[in-house]
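Here the chain labels run A, B, C and D in written order, and each chain numbers its own residues starting at 1.
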Amino acid sequence: MASDTSSAHDKHDEHGHGIAHVAAVKVLLGTWIALMFLTIITVAATKIDLGTNWNLALAMVIAVVKATLVVLFFMHLAYDKLFHTVLVVAGLFAAALFVGFALMDSGQYQQTIIWDTDKPPPAPIGPRPVP
Amino acid sequence: MSDHDHDHGHGDDGHGHHGGHGHGSPWIQHHYDDAQHQFDSGKLGIWFFLVQEVLFFSGLFVAYILYRYHHPEIYAYAHSYLDVKWGAINTAVLIISSLTAAWAVRCAQLAQRRGLIFCLAVTIACACGFLGIKYVEYSHKIHERILFGKKFDPCIASAGNHLLNKENYCPGVKTSVVWDAKTNKADRGCLDAPTGYDWDPALKGIQGKCVVNELTMSGTGANRKEVSRRPVEACAPSPDHGSGHGGGHGKQTYPCWTLEQNPHVCPKGPGAMVHYGDHTSRGSTVEIEVTCEAVPAPVEPKDALAPVDGKLERGEASFKKPVTPSKHDLKHEFQSGPPPEHTNMFFSIYFAMTGLHGLHVLFGIFVYIWLLVRAIKGHFTPDYFGPVDYAALYWHLVDLIWIFLFPLLYLIH
Amino acid sequence: MSADLDNTVSYLEVKKGLGSWLYTLDHKRIGMMYLCGILFSLMLGGAFALLVRTELFSPGMTIVGQDWYNKFFTLHGAVMVFLVIIPGIPAALGNMVLPIQLGAPDVAFPKLNLASFYLWCSGAFLLLLATGLGGVDTGWTFYTPYSIETQTAVIPAVAGAFLLGFSSIFTGLNFLVTIHKFRPAHMGWFQMPLNLWALYATALMQVLATPVLGITLLLLFVERFMHIGIFDPTLGGDPVLFQHFFWFYSHPAVYIMIVPGMGVISEMITTFARKPIFGYRFIAYSSVALALFSFLVWGHHMFVSGQSRLANMVFSALTFSVGIPSAIKVFNWAATLYKGDIRLDTPMLYVLSFLILFTIGGLTGIFLAVLSIDVHLHDTYFVVAHFHYVMMGSTLVAFVGALHYWWPKLSGRMYPETIGRVCAWGVFIGFNLTFLPQFVMGSRGMPRRYWDYDPEYTLYHRISTVGAFILGVSLFVVVCYLAWSLKRGKKATKNPWGASTLEWEAPTPPTVFNFPEPPPEVEIYNYDDLVEVPNANEDGVTNWERRPAADKPATSSHH
Amino acid sequence: MKPYLLAFALVFGLFAPPAMAQPAAAPPPAAAVAPAAPAAAPPAEMTWWEKEAAKPYVYEGTYWLPPAANKDAKGPDDLFIWVLGMSAFFFVAITACVVYFVIKYRHKPGRKPEPSPSHNDVLEITWTVIPTIIAVILFVYGWRSYISLTSIPETRPENQIAVTAQKWNWSFRYYNGVEDNVLHVPVDQPVKLTMTSTDVLHSFFVPVFRVKQDIVPRRFTYVWFWPTRTGVYRLYCTEYCGKDHSLMKTKVVVHSAGNYERYLSEAFGKQMSLSGAALGESVYKKKGCEGCHTLDGSVRLGPSFKGVWGTDVKLGDGSSVKFDEAYVRNSIQAPQGQSRPGFPPSMPVIPLSDKEIEGMAEFIKAQK
C-alpha cells in the first residue's frame, strides 16, 4: 500500500452517471442468495466428520468465500479504486503477521506449563553444540 | 469506543471552495473541490477505519488461535454449550441486514427515497433482532452459570446432563455440596472415598448402602437449624445415566437422587444430587444430607469366559465380542463428564469476542437510526449519499467479523 | 468553520475569544492547542524524571521510599510516551504544517481532527486523574500479572492510554487521506517534501498498530474488573501473551516516535545547508521501509521472557534488518552537508545534535539485537540509556528543533537567537552527561527500575543526576522564551530561513485557509532562485525573496 | 501524601538555583557514602557458609563488563568488545565527517553552495550493502553463542536446584531438601536451575555468569551455567515485580571442589536439627514472611509479629479470635479466610509442614 504509485485520479471508468458505481439488483440478490446458501452448507458440514483439523479448514474456506463475496459485491471493492484493495490486503497481511509470529513462539514453551504443580515436566535438554 | 462522527463527511453549511466555483449540493464542505472529491476522501477514510477495526479484532483472533492451539480439548468440550441453532439464525439475520444496507446505498444513489427509508428500517430491525438473540443466549449462560473466570461453575455438562457445582443454585437440581469460598474447598457434602464404601465410577452404580435426606433449614450462620427433613429414594438407573435434563427418561418418580462425580468440586469422591424434574432453582433453605455405609465390594468370581485383553490361551474361547466404542460414543462420554481444567478460558474468549462484536452492532444501530432520521428529512441526493455508503461499509465489516466468529466458536468439531 | 471567514487576515486574528479556539476546525489552531498541551505534559513528565533522578542521587532513601519511586518512574514513562512523544511531532507540528506543505486549505476531516484533540485531552485528564489518585506503580508497560493485582490507580491510566491510542489512530487516518486526496496537481509522490513521506509512514503505523494497543488495554481493563483470565495465570491465561500483544503495538510505536523526527530533520538539514537533500528517493523509501519492518521485530523486547529459541532467532535476524534503513538515512544526511553553505542557527544546532545522538542510539541498538549480548544487557541501564538516546536524544531534540524552525511561520514571531543557541548546547551537554554514564552502569549489570543500588555506582548516578538537571533547566528555558516571544519577539518575515517548500510561500502567519490566492508551483529543495535580503522588516529579520527565473542570468550560480 | 509534596517542593526548589546541584557533585566520588547497612551483630554460631556469603563485595571487572565466571561467558564478552569497537569506529567516522563538513562549509558572507550531486547510486548501494553484511555476521555469531548459552547439558541430580521466586525474596531448594535464601553452587560443573514464581513475573540475573531468564508464574523456565571461579557474586531480580523489586537481591556462592557437598550435608543436618522457635525463625527468613511481617512493630504490608501473641484479633467479617496456635495454622493454610481490615488480602498460600507451623507459632510467641 505504501509503495502505491497510482496517483489520485481513479482508473475505473464511471459507467454510472453518479459519483460512484451503482450496484445492480441482480448482483445484490445473487450475492445474498449465495451467502445464505453457504451458511447452510457450513452448518451442514459439521454433520460429516473429517477430523477436527479438516472440519476447521473446510469451515474457514467457506468463511473466506463468504467474506470475499461480501467485500467484492456488497462493499463495491470490485468496482472501486485498486488502492482500496491494496489497503484491505495490507490490513489482513498485518493481522496475519501478528497471528503467525505469535504462533511461532508457542511451539517450544508450552510443555513447561504447569497443570499439576507437584509433577514438573522435564526440562528441554538440548544437544550441546561442539564449540 | 467513542468514534464521534469520524468520517461521515457531512458538513452542515458548506459553500463553494474558497473563491470557489459553482455551488454543489449544500452538503459539500468548503475545503473540498466538489462532491466527487468529498466522496472519494470519505471513502478512503472509511476504508482506513475498517482496516483499523480488522486489526482491533485481530487481537482477539490471536488469543483464540493460540489458546485453541495449546488446549484443543477445552474447545472440543466447551463448544457444545453454544446453541448452533441460534448462531445460524444470527448469521442469517446479519446477512439479510447486510443486503438491505447495500440496497439502501443503491436507493440513495438513485434518489428512491421510500426505498431508502424501507431498507434502513429493515437493517435496524435485523440488528435489533441480532441483539435480541444474543440476549437469549447470554441469559441462558448466566442462568446455567457458564461464565468466564472464577464465575465459571456450570450446572450442566456440555452434553446437557447435570453436574456437581460449587454454587449449588442450579434449576431443577440440588446437590449435597456446601462450598466454603474462603478456603476454596467443599465444606461438606462430598463423599470422600476413604469412608470405606466402594464407588465404581465406570458402572455409576452404587456399591454401598447410602441414605439421602432433603432438609429444609432456617436461619444462617451460627443459628442455622433444621426445620424438617424427608427421605429421598434413588433414581432408577437408566441405561445412559444422566443424559438429557431431568435425569433420564422413562417412568421416573421425582424427586430422586444419584451420585455424580466432579473432581473440581469433590476431588476424592462423588456427591449426591437430587433431581426434582422441574426448572426452579432451590435456594439455601434446602440442603441435602447424604450418608453412606461401608459395604465391602463383592469379590467377583474369575469369569472364565470374560474376554482376555489381547491374547487368548490356546483352547480358550471368548464369547463376548469386545465392543469398541464408536467415535461418537467416546465424544459423548467425554462431553457428559466434568469440564477439563481451565474451560473458563474458552468462555473468556467467547464473551470477549461476541461482546465486542455486539458492542459494534449496537453502535451500528445508533448510526443507522441517525441515517434514518436524515433520510426522512431528505438530506441524501445522488450527489450526496456518502454517509449511507460509509455506514453500509462499516455494517458489512461487522457482518464479516460475525461470518468468521460463527464457525470459529459454534462449529468446532 | 464556515467559508465566510475572511481569508486575508492571519488565522490568529481572524476570530477572537475562547469559543473560537475550543470549537475551531482550523488545523493550525488545533495544532497550536496540541502544542500547548504537549509542552505542559513535557514539563510534567520532566518533573517526574527529575524526581526519579533526585531519588537516585545516592543509594538508599534520598527523598522518597520505594512505592513513590515506582510511581514516579511509571508516571514519567506513561506521560512522556503517551502524552508527549507519540502525539508530539505528528499531532502538534504535523497538524500545523502538513496541509500548508500540500497547499491545501485544511486536513481532509476537520471535525475528526478536533475530535482527536479532545480524545487527547480526555486521555491526558485520565492520566492526571491517575496521578491524583496516588499514581500507578506498574511501569508504563503495565505487565500482567502485577498490573492485575496491584491496588494502585491502574484503571484510569489504562483508560487514558486507550483514548490516547484512538486519538493517535484518527490523526493518522486524517493525514493518510489528506496526503492521498489533497495533493495539488503538479505534486506527485516524488515532488512531496520528505516531511510528508515521514508523516505518511508514521500515519500507516498509527492506523495499523495502535488498534492492537486498544484491544490489549481493553482486555486488561476488563481483566481487572471481571477477572476474565486471558492474561491471569491462576485462571489459565498467559502473561507472555500480554507481552506479545503489548509489544506488537509498542515497537511500531517507537517508530511512530522516531520517523516523524527523521522527516523534520530531513527538512531542516537541506534548508540550513542551502543544498538539495542527498538521495531523496532513498530517504523516502527508507521511511516506508521502517514502517513495514517495524511490524516484524517486536520479539526483541522479549528475548529473555520465556520466548521460544526459534522466535528469538527470527526476531534477532529481523531486528538487524530494521537497523539498515536508519543507517542509510544518517549517511544521506551527512552527505547532504557536503559542499553546502551551512548556517548554524538554533534549529541547525538541534539537527547536528540529533545526528550525533541518533548515531549513538542506533549503534547501541545493535548491542541489543545480538542475542547473546542481549541476555546480559536486557532490562539493565544499558537499555534505559539506549531508548533515551533514541527517544529523547533524537525525537525530542528533533521536535524542539522543528518547533524553532516553524515558529516564525506559525506564530509570526522570531524566537530569541542567542538564548536559543545556549539552550541547544545546554540540552546537548545535559543529555550526554545524563545518559552516557548509564551505558557503563548497564553493561556492569545494574538492573533498571531499581530504587536502591549497589554503592559502586554512586559516582555514575551523581553525574547522571546533575546532567538531568542541566537538561531539565535548558528545556524549561526553551518553553519560557517561546512563550515570551509570542508577545515580545521580533516580527517574523515570510521566509526567514530561505526554505523552498510550499509552506514558506504562505503569508506569515498564514490565513485561515493558508493561501489568500492559490499557491504557486514550487520545485522543492531548489535554492538557486532564492536571494537573501538582510533586515527585510523593521525588526531587522532577514528574508529570502524568490527571484522569478526570468531575470536570473543563464549560469545557475548567479551573484 | 507528605513525601509526595516534599518531593515536588524539592524539585521545584532546585529548578531556580541549578547551583544547588553543583556542590552535591563535589564530594569525593570513590568513598562509599555510608558503609552499606552496618552488618547486623553476627549471631553467635554463624556457619562457615554464612560467613562466606557475608564477605563484602568488591568490583573487580573491567571498565565495561563484570568478571566472567561462566564458561559460556566468553561468547557474549568477545561479541560485546567486537561490537563496541565497531560502533566506536562508525561513531567517530560519522561525527568527524559531520564536524569537518560543518567547519569547512560553514557560511561566510559571500559564500555560495558549490554544485554537488544530489544523489549517487553507487555510494548509496555500498552503504546499504556494508551494514547488511556486518548485520548478518553479527547475527550468526550472536546466534551461535546464544545456542550454547541456552542448551542445557546433562547435569548431575545434585546440581539441579529448584528456584522459587516470590514477591521480594528468593528460595533455593537443593536436591536433598535443604532450603536456603543464598544460591550455593559447585565450581567447574554444569548447574541447572528449574525456576518458577508463586505470584508475579520475576527474572533471575547473575551478571558474572552473563545469564538472565524471566520467571513466569505457573510455568517452569530454565537457566544453566558452568561456574569457573570460586567466590561470592551478586544475584538480582531484573523484571519489575512491585514495591521491593530493588531489594530482591541475594548472593551466589561458588564453592571450591568438595565444599558444595560439605555444605549440603551440613545444612541438611542443621535444618533437621532445628525445631521450635529456631525452626520458626528459619522459616520466617527463608519463606519470605520477612518481606511483609516485621518483628519491630512497624507495618510493612502485613501486621507485625511484635507482642501480638494472645491478643484478640478482629477479622474481616466482624468476628474476633484469639491470636493462638489455631489462628496461626488457619492463616497459614487458608489466608483468605483470616484477612483483617486495613491490610490487603494478598497473603500467598505457602505450603508448610506441621512441624514448621508449630515452629512459626513458637517463634511468634517468642516475639515480645
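Quick note on the criterion: a residue touches a chain if its C-beta (ideal position, glycine included) is under 8 Å from a C-beta of that chain, and two chains touch if they have at least 3 such contacts.
Please read these numbers as outputs of a predicted model, since none were measured by experiment.
Once CA atoms are averaged chain by chain and compared with the all-protein CA average, the nearest chain turns out to be C. The highest number of C-beta contact pairs joins the chains C-D.
With centres taken as mean Cα positions, subunit C sits 45 Å from subunit B.
In this assembly, the C-alpha centroid of subunit A lies 24 Å from the C-alpha centroid of subunit B. Chain contacts: subunit C has residues 180-181, 208-209, 212, 240-241, 244, 306, 309 touching two or more partner chains. For subunit B, residues that reach two or more other chains under the stated contact definition are 40, 44, 48, 51-52, 55, 58-59, 62, 66, 341. Subunit A has residues 83, 90-91, 94, 98, 102, 106, 109, 113 in contact with two or more other chains.
Touching subunit B in their complex are the following residues of subunit D: 334, 336-337. Of all residues in subunit C, those touching subunit A in their complex are 180-181, 183, 188-189, 200-201, 204, 208-209, 212, 240-241, 244, 248, 288, 291-292, 295-296, 298-299, 306-311, 314-315.
Interface residues of subunit B facing subunit C in the complex, by the touch rule stated above, are 1-2, 4-7, 9, 13-19, 29-31, 37, 40-41, 44-45, 48-49, 51-53, 55-60, 62-63, 66, 148-150, 341-342, 344-345, 348-349, 351-352, 356. Put simply, subunit B touches subunit A in their complex at residues 35-36, 39-40, 43-44, 47-48, 50-52, 54-55, 58-59, 61-62, 65-66, 69-70, 72, 76, 84, 88, 91-92, 95-96, 98-99, 101-103, 105-106, 109-110, 327, 341, 382-383, 385, 389, 392-393, 396, 399-400, 403-404, 406-408, 411-413.
Only residues 47, 50-51, 54, 57-60, 63-68, 70, 72, 137-139, 143, 145-146, 149-151, 233-234, 239-240, 273-282, 304-306, 309, 312-313, 316-317, 320-321, 323-324, 327-328, 330-332, 334-335, 337-344, 352, 355-356, 359-360, 363-364, 366-367, 369-373, 375-376, 378-380, 440, 443-445, 447-456, 458-459, 462-463, 465-466, 469-470, 472-473, 476, 525, 527, 556-557 of subunit C touch subunit D when the two sit together in their complex.
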